[in-house]
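Input: one structure, supplied below.
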Amino acid sequence: MQTHQAKRVEITIEAIMQSRLTDALKKAGVTGFTVLPVLGGSGRSGAWTRSGEIGRAAGMVQVICIIRPERLNGLLDAAFAVVEKHIGVVSVVDCEVLRAERF
Amino acid sequence: MEQILTLAGNNLLSPIILSFALGVAASLARSDLSVPEAAAKALSIYLLFAIGFKGGVSVAAHGIDVKLGLSLLAGVILSAVLPLVAFALLNVITGLSRLDAAAVAAHYGSISIVTFVAATSVLESSGIASEGYMVAVAAAMEAPAILSALWLISRGGDGRRMDSDLWREILLNGSIVLLVGAFLIGWVTGEEGLEEISSFIVAPFKGVLCLFLLDMGLVAGRGLRNGGGVLRPGVLAFGVLMPLIGSAFGLGTGLLLVLSPGGVVLMMVLSASASYIAVPAAMRVALPEANPSIYLTLSLGVTFPFNLTLGIPLYVAVATALTGG
Amino acid sequence: MEQILTLAGNNLLSPIILSFALGVAASLARSDLSVPEAAAKALSIYLLFAIGFKGGVSVAAHGIDVKLGLSLLAGVILSAVLPLVAFALLNVITGLSRLDAAAVAAHYGSISIVTFVAATSVLESSGIASEGYMVAVAAAMEAPAILSALWLISRGGDGRRMDSDLWREILLNGSIVLLVGAFLIGWVTGEEGLEEISSFIVAPFKGVLCLFLLDMGLVAGRGLRNGGGVLRPGVLAFGVLMPLIGSAFGLGTGLLLVLSPGGVVLMMVLSASASYIAVPAAMRVALPEANPSIYLTLSLGVTFPFNLTLGIPLYVAVATALTGG
Amino acid sequence: MEQILTLAGNNLLSPIILSFALGVAASLARSDLSVPEAAAKALSIYLLFAIGFKGGVSVAAHGIDVKLGLSLLAGVILSAVLPLVAFALLNVITGLSRLDAAAVAAHYGSISIVTFVAATSVLESSGIASEGYMVAVAAAMEAPAILSALWLISRGGDGRRMDSDLWREILLNGSIVLLVGAFLIGWVTGEEGLEEISSFIVAPFKGVLCLFLLDMGLVAGRGLRNGGGVLRPGVLAFGVLMPLIGSAFGLGTGLLLVLSPGGVVLMMVLSASASYIAVPAAMRVALPEANPSIYLTLSLGVTFPFNLTLGIPLYVAVATALTGG
Amino acid sequence: MQTHQAKRVEITIEAIMQSRLTDALKKAGVTGFTVLPVLGGSGRSGAWTRSGEIGRAAGMVQVICIIRPERLNGLLDAAFAVVEKHIGVVSVVDCEVLRAERF
Amino acid sequence: MQTHQAKRVEITIEAIMQSRLTDALKKAGVTGFTVLPVLGGSGRSGAWTRSGEIGRAAGMVQVICIIRPERLNGLLDAAFAVVEKHIGVVSVVDCEVLRAERF
């Protein structure tokens, strides 16, 4: 099966910042992303969990973005501008994808 | 005095308060009891819909009052002014940074709808009447406090821009839209509409409130366990003092507007209560550097239980004494 | 005519319709109001269980009717035939591709159970009786339309195989199983069973329906916002014309079977309504190349609100006029 | 005998049992019908809260009984002893490993609160009185069985340490805390508290139970489909024999304590039923090598439906015959 | 700690296709997989979110499959046959696993 | 955009073991992690799904931990001690992160 080089970017960010992040990604030319729910976590700002929460202040989501390698820098710049002042983690992994025409 | 104590006693031993206490206790004992997030949100949707609808129906029944407009205006002003008071008090009695103080202050200008709901349920049990449009006042008080807090920060030279997204998010946040929407639906459909759905939104209301408060107790207890450490004595004192100060503002406003005894109580409760849904979310966007442990723990872990247990009976006693209600 | 207008007016100002409108408005204004997926599913489980159960109890009360079998058969035929009508109409008034047209057609042969529920609740308020087994007819009409649509495609030379998994998924999809299962339980346990659980499935029913329609409004509004662009004028016109045509078929069938006035209304409603749960899922599996934005937006964003607001009062007026009910 | 058959017949045709059957059938037919996890958990929170609260109110109404303490003690002893009986029986009639047998045994010493709830609802329909504090006995019987099972394993030379986390998890697991907490709230607030929330926790109770049992049927059916293969005939026989043996222990205890007829029934039901929430979780932590398919399928797929359909009517018949109730 | 080379395959696919995909994976000899819920996303076919949805037509899931490198091709062929006509993304990452005997 | 080498560890483990795992990670010096919900899966111990479940015995979660490479061994030892007797999967991927000072 023919596969193609790509980058898998995973951005863990506060749920309230999700639309700001994805708007920024779209502006940076990103054509697709997938959002995963996050149950809880822990970091320098302490531990948290979604269970029983009704507000939106305390939750995070994971935005996963698979892109061609040449687009990585644009994406990271866009993501960084949003997460800069906010808590959150951005990580990048090398991957192979099927159907490269989609990215 | 005796009346206050009886009322406080009755209040403390109501299923509603005890459910909250059960939640706090379970959390502190690190039980794994938990309400799923989706269920907690569903309960809050139910409560907002029911309380808004009933408020609207009551306005339909009693007709529009000239005071409605005045009360809304008063609510907006209170919500905008109380953060300034809170900010000043925080500067005096706590060592919080400018940013943290502004964030906390925003919460105390805004309101807690569950505290409002708990108060209406105490009023009902005690047979004290109140204006139906106080629900609309509650909605009107959610947002102005946020602007005051941002103004406090920008005054300090820190140039924050409110982006238009944030504006929309604050003014059209889910709880405001649902509360106001249900209020309008209740108003339009009136008693007839209420009859159609009263066995859903009236009869089981208090029971649903118990489960919701169980959940709030679990969340508050978790907050105290994880974030209790940030509450220095000064901050803690603020969490109890500020509702008393706020309620005094509410009392003055209520008397000035010549509201019914129940209306005065609700104005006090709104002024005394602190937001834990709309404002924290706005603060995460606008003031991300402010520490959420402080404002969340203070609002949900200290002020909310204080109002729920001691505050409400006190406000009822004072308001009825002064209005002769 | 006046009667239609009064009925339409009453209907438009019922808490149920207004809740839907609130949802649409909140979505279009991009409020973050949302009902958790789990809560929305729980509401739909409640509604299917309640409506199925009550249908079964009503059959138990009135005994099996010779018309039950005929009505089921008529429902199956309507569901299979209406997609052909819809497909022809789509070819005439829209420029949709063969695939998209077939996918849309499948939706209009099948039914929307919430539209059905809303209609029964209008019938009840108006004191118009209907056959309890119409719930079973609703279930029978869910699936045949899918086969017709696939047949339309395969006729076009595109060799689609229905794998056996898909067969099972369509015939045993959750909403059919729950509706039919609850119908049978209601039938077996009868009035006695209903008495045991009526304060759960009868009393709060309309209120639950309000919250469910709030959610449907939110989803429909979102669909219109995201996918509204695909709705060219021809397609939009189809979304309003087709329910009228479908209801005429339902009317003819209902009169032929000499159903009660309410039964005729429900047959019209079933024929007029379009699926947005079972059929979209089947289309994603069987016709993945068809554009879901078109059929979802059309069914949930156009036809559903049309039936809910104007359609139902119209069908009631026509049916009562022609049956003398 | 006839009475048993009538009772069993009535029981089998109640909406509650039929809902369970619907769930099992849908699962076995591989329908995609499913209740969201969050909704299922919300239903179980409702049931635990309601049953605990009502038990507490009934204790408040009838005053503390000297038998309360004795019954609690008896419950603890039964829960600790029944696993030993079960373990012996498993060794005789099945070829399960020591570990698997101990894990299964723990389940049968503990209890199933839904079986308990179903039994109280049969008692109510039949007008048979029971002690309100049986709810507390149910809570007391949840955990001791786990210790017995771990003791059985450690006796076999396998040195397991109970870490203190596990202790806390078992004793403060969500369902025990909620049941006991609601019991205490009901006790404190009494009839007055019940009145405030009875249209939430009493009126819709049976209907909610139907939906909950629908979900349990779905889960049990899935278990049977996926894990049914592990149930060799001996194991299967155990799933039906053990509740009968357990109920005999419960009967003896109930007669010894001179409980009311309903109280004897409930003691039998508690002894006969097997855990499927608290114990499986504890077993995953403490005995991870034991096969969960065996104990989950046996408890939820065999013993639970047996008790629900045949067991409860049998226990009612025996208890009323022997107590002359 | 001893680790072993493996491949981590992540398939984002419509929820309604989940059982067809996992059946195909099992036929291709895959011994285990994990399914993650997906909250929402965006791609060429537009943006979507699960919130408030009751139907199954609009949701996606992520199927994660960790396998020995030599099994990758079989898996990709099987996955491709299912996703071919459907929307969805397949990506592969090199990873190391503990307890390699499980894969 | 400046990125830094790191390791992304993904531990799929029974939900009841989550707190034991994260306690062990914290003891091993891990400063942050994110917990994702898992819908279902399949492995040697059979297939499972969370739908309709009320107990906690049958679910899993995914704990994701991004750490500096030099901490990997400590983390794996800690994780292994917890998952040893339990079902579950541990995988490690090389990644790049923004804001390395956070790890």
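Think of it as A, B, C, D, E and F in the order they're written, each chain with its own count starting at 1.
Here is the rule we go by: a residue touches a chain if its C-beta (ideal position, glycine included) is under 8 Å from a C-beta of that chain, and two chains touch if they have at least 3 such contacts.
Nothing here was measured: the structure is a model prediction, and the numbers come from that model.
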Farthest chain (mean CA position) relative to chain E: B
Per Cα centroids, the chain farthest from chain F: C
Chain A and chain D, separation of their C-alpha mean positions in angstrom: 45
Gap in Å, rounded to a whole number, between the CA centres of chain F and chain A: 18
Distance from chain F to chain D - Cα centre to Cα centre, in angstrom: 34
Residue list for chain D, restricted to those that touch at least two other chains: 32, 34-39, 41-42, 169, 199, 203-204
Where chain A touches two or more other chains, by residue: 36-37, 49, 56, 93-94
In contact (per the touch rule at the top): chain pairs: A-B, A-E, A-F, B-C, B-D, C-D, C-E, D-F, E-F
Contacting residues of chain E [partner chain F, same complex]: 1, 3, 6, 8, 22, 26, 31-37, 61, 66, 93-99, 102
Residues of chain C defined as touching chain E within the complex: 34-37, 40-41, 43-44, 165, 169, 215, 218-219, 222, 226-227, 276-278, 280-281, 283-285, 288-289, 291-293, 296
Chain D partner contacts - residues on chain F that touch it in the complex: 14, 16-17, 19-20, 45-58, 85-87
Residue ranges of chain F in contact with chain E within the complex: 10, 12, 36-44, 49, 60, 62, 73, 76-77, 79-80, 83, 89-94
Chain D to chain B touching residues, read off their complex: 36-39, 41-42, 45-46, 49, 53, 168-169, 172-174, 177-178, 181-182, 184-185, 188-189, 193, 196-201, 203-204
